[in-house]
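Below, chain A partners chain B and then partners chain C, in two separate complexes.
The block that comes next holds the complex of A and B.
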């Protein structure tokens, strides 16, 4: 039915099957959009956030998807700046994933703030000392860069290539990609960092507060490193998942190994830096603020196992798997390690956003718990559904994996 | 708490409000101590914005300068009309003294006539907090300007909570004036500040002659859940 729209040389499932795949996601998106509408129309009393849990599921979602979306900038950086040509086979997919993650995060932020129509105030009255100002500026700019990077992927579509002016435009735009990759890398370093700084600067939250290295808290640098480390892992994971679901070989096995090796090298550096940071926090930062670190882990469900899972199970172990050449030969190990690394980053963002707010600061404060409302959960689901839908459409109609055509069985 | 709400045009709580979603610029916490003979000692602690000095944690985090620190008065002000409602300041405040308007404000028919004309009402989706009765300060400034004098905190400018407290348990004064009563008061034994070790330099001081009160309130974190008391 839509064969004329599918790239030449690529085989895609029947339109009916594709429709059956996207329908449930479209349903989830519709429910989520209704939930988001309720929050915008009736106010944030539709959520289970409160004066103590002023940030909830949505901020967690933002921090996590932006970390996972880091694969876009980092793959771009490796390909265009460091000339790692092998990654050309996943760059299109990485750009689409980056665009999905960032646009999803921005959309949720617009529902999360109490007065979305005042979003422009940050540009008009910016407080240059606020980490959130840095986040707002960089994410807005980077989303624009990602949109520009997405355009050539769309322009390569066979129906658009028929228009000569579009062909020229695509060619010219492609030549500029190195510039956008550089801008994207620069912006990404700052906003990944400032997302970490968001919590690291909170002197009133000794669980999250970290001393400054220069003008930024240590979490600024940890976030950059962790996002860069896990970005390639997420690209590996999504490429593998797409390959399984579509039953197609999309990239050569070496690409998985390269992505794994890059993730592993960065992850081991991150685990080391995170361990040093945690030790300094336990022995110096937290006690100097009058909060013995052990007290933070006395609450049910939030024991030291969280810290161990984050650093060892989802940090050190995947890093060692990635760095072991024999294990790297096996896709199953690579995928396991990538999934662990992604789970580790999600846990790290959860700890910083949710555990920080759950912990008491005043001596008569209780330990707080919070369960998101269905409206919050459905909005979260809408971002997931939007991501799956946009990626599915891009995979079906655009050429996300340039090696795919050559890897098809004759 | 009532005087504060009336003075600052805080709307009656919405039907769905919980103790975690209300607008209570001042919140009175009950602190208890079980004695050996099964008796219970109780004290009450009014908690409002602690007016942190120089670099209040909420001020530096606001992305659009909706929080302002006035170096002249030391008062940390909130500008609701500029607030985006991102609530970053609420996560930054260790005293949980900031409140979000989860609902549209509404007053029962006729009650809007009792609103204080000197204080703006706030809309849904913005953060607010104690500003030491900014409306009263403004009024005191106007009167002082008209009479060619200056504002004297505690005399010509008195916030609603200070005025309403029948036992004079709340005082206000000029901490920068070493000769003022408040400056003398904070030097008396038994005076302390909440979470002083964080370096937020709060300008709200508490005083208690009871040692257990000071010990409980200067401890940094609830050691066990059973010690937690309700607001």
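The block that comes next holds the complex of A and C.
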């Protein structure tokens, strides 16, 4: 039915099967959009957030998807700036994933601020000393850059490139992609960092507060490093998942190995930095603020296992798998390590967003628990559904994996 | 954000932060404007043909992108990543140099479905170019294309004086409800369109800087045509059976008659390297 829209030489499932795949996601998106409408129409009391839990599921989602979406900037940096040509086979997919992650994050933020029509205030009256201002400016600019990077992938579609002006524009835009890769790297460096810095400067929250290195707290640098480390892992994971779901070989095994090696090298650096940071925090920062670090881990469900899982199980172990040449030869190990690394970053963002706010800081404070409302959960689900839908459509109709054609059996 | 906005102060933080922000925005704008200007400058038929060819080339199946040195056995299995622009390919130069310094061992003799004339150059889009004594070249269809287009519903040939561009549209062949674009093997000005009794379709005055280097010539032609005929047969293979090749016999004069109706568009698109 839609064969004329599918790229030449690519085989895709029948339109009926594709429809059956996207229908449940479309349903989830519809429910989520209704939930978001309720939040915008009736206010944020539709959520379970309050003055204490001002950051909830949505901010956790934002931090996680922005970290996972770092694969877009980092792959672009490696391909266009460092000329690592092997990554050309995943750059289109990385751009689409980056665009989905950032546009999803911005969409949720628009609901989260409660008054999206006043969102422009932050640009018009910026408080340049606020980490959030930097995040807002950088994310907006970077989403624009990602949209520009997405344009050539769309314009290359067979039916669009028949229009000469589109063909020529795509060709010329592609030639200048190195500029956008450089801008994306610059912007990502700062907003990934500022998202971490946001927690590091919370002196009233000793669980998150970190001393400054220069003008930024250590979490600024840890966030940059962790996002850069996990970005390639997420690209690896999504490529493998797409390959399994579509039953197609999309990239050569060497590409998985390269992504794993890059992720491993950065991840081991991150684990080292995070361990040093944690030791300084346990022995110096937290006690100096009147809190022995052990006190933060005495609450049920939030014991030291969280810290060990984050640093060892989801940090050190995947890094060692990635860096072991014999294990790197096997896709199953690479995928396991990538999944662990991605889970680790999600856990790290959860700890900083939810655990930080749950822990009491005053003698009369209780340990707070927070369970998101169905509206928050449904909006979260809508972002997930939006991502799956956009990626599925892109995979079906665009040329996300240039090596795919050559890897199909005759 | 701007000095005229309420609350703005000329402090260092504002200057650095907003300075960086406006630099990024300006850089994005300049790059987009530069793209637009470059696009306007290159909106010429020659560039459009070139871009179309490059975009389409990336989507060609691997079997259609075999390097000419793979055909001769010098680089088995090698795929072209240079849009068949051998005149700009460093590897082609290297192979040529190696060929000149090596003894000229002829290719092993194998059965040939077609015998290609040796006095001409061949384009991968199944056309040939024959240099004529008056400095023009004549362009025609190779033996495989002639059989694929044995029965047509008409042709639209370019008028005398019009320009054609290598790898761009040469002429159009109407077949049923569809139209097949035959790619131009050289760039130049059309001098004359061929008549029905001629073995050529166009007589062209090539551009002064036109090189025949990207075109196949000599013994590589028959190897390429044999591979193309096998590719054609594989396109028609029943998926459940896999690739099966005929054993013996000669190709029919009207090969199009064996293409199932539902596959015609795909087969012509693949064989004629439609952009």
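One rule holds for everything that comes next: the second predicted complex is superposed on the first by the 410 of 410 C-alpha atoms of A that agree within 3 Å, B and C clash if a C-alpha of one lies under 4 Å from a C-alpha of the other, contacts with A are read in each partner's own complex, and residues count from 1 in each chain.
Methods note: contacts are C-beta pairs under 8 Å (C-beta built on N, C-alpha and C of every residue); 3 or more make two chains touch, one makes a residue touch a chain.
Since the model is a prediction, treat every value here as computed from it, not as a measurement.
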Inset, instruction - Go through the superposed model and pick first if A:205 touches only chain B, second if only chain C, both, or neither. - result: first
Inset, instruction - In the overlay, answer first, second, both or neither for which of chain B and chain C A:361 touches. - result: first
Inset, instruction - Look at A:187 in the shared chain and tell me whether it touches chain B only, chain C only, both, or neither; answer first, second, both or neither. - result: second
Inset, instruction - Based on the superposed arrangement, let me know which partner A:7 touches: chain B (first), chain C (second), both, or neither? - result: second
Inset, instruction - Tell me which partner A:125 touches in the superposition: chain B (first), chain C (second), both or neither. - result: both
Legend entry - Partner chain(s) touched by A:50 [first = chain B, second = chain C, both, neither]: first
Inset, instruction - Give the label of whichever partner, chain B or chain C, reaches more residues of chain A. - result: B
Legend entry - chain B versus chain C as contact partner of A:158, first or second or both or neither: second
Inset, instruction - Look at A:141 in the shared chain and tell me whether it touches chain B only, chain C only, both, or neither; answer first, second, both or neither. - result: second
Inset, instruction - Under the contact definition given at the top, report the residues of chain A touching chain B in one complex and chain C in the other. - result: 124-126, 129, 133
Legend entry - Parts of chain C lying in touch with chain A, wherever the complex brings them together: 1, 5-7, 13-14, 16-18, 21, 24-25, 27-28, 31-32, 34-36, 38-39, 42-43, 47-48, 51-52, 54-55, 58-63, 79, 234, 243, 269-270
Legend entry - Complex contacts: residues of chain A adjacent to chain B: 43-45, 49-55, 112-115, 118-119, 121-122, 124-127, 129-133, 136, 198, 201-206, 289-291, 295-296, 298-299, 356-357, 359-367
Legend entry - chain C partner contacts - residues on chain A that touch it in the complex: 7-9, 123-126, 128-129, 133-134, 137, 141, 144-145, 148, 156, 158, 161, 164-165, 167-173, 175-176, 179-180, 183, 186-187, 399, 402, 405-406, 410
Inset, instruction - State the interface residues of chain B toward chain A in the complex, per the touch definition above. - result: 14, 16, 18, 20-22, 29, 31, 45, 47, 57, 60-66, 82-88, 90-96, 98-104, 123-127, 194-195, 197-200, 216-225, 227-229
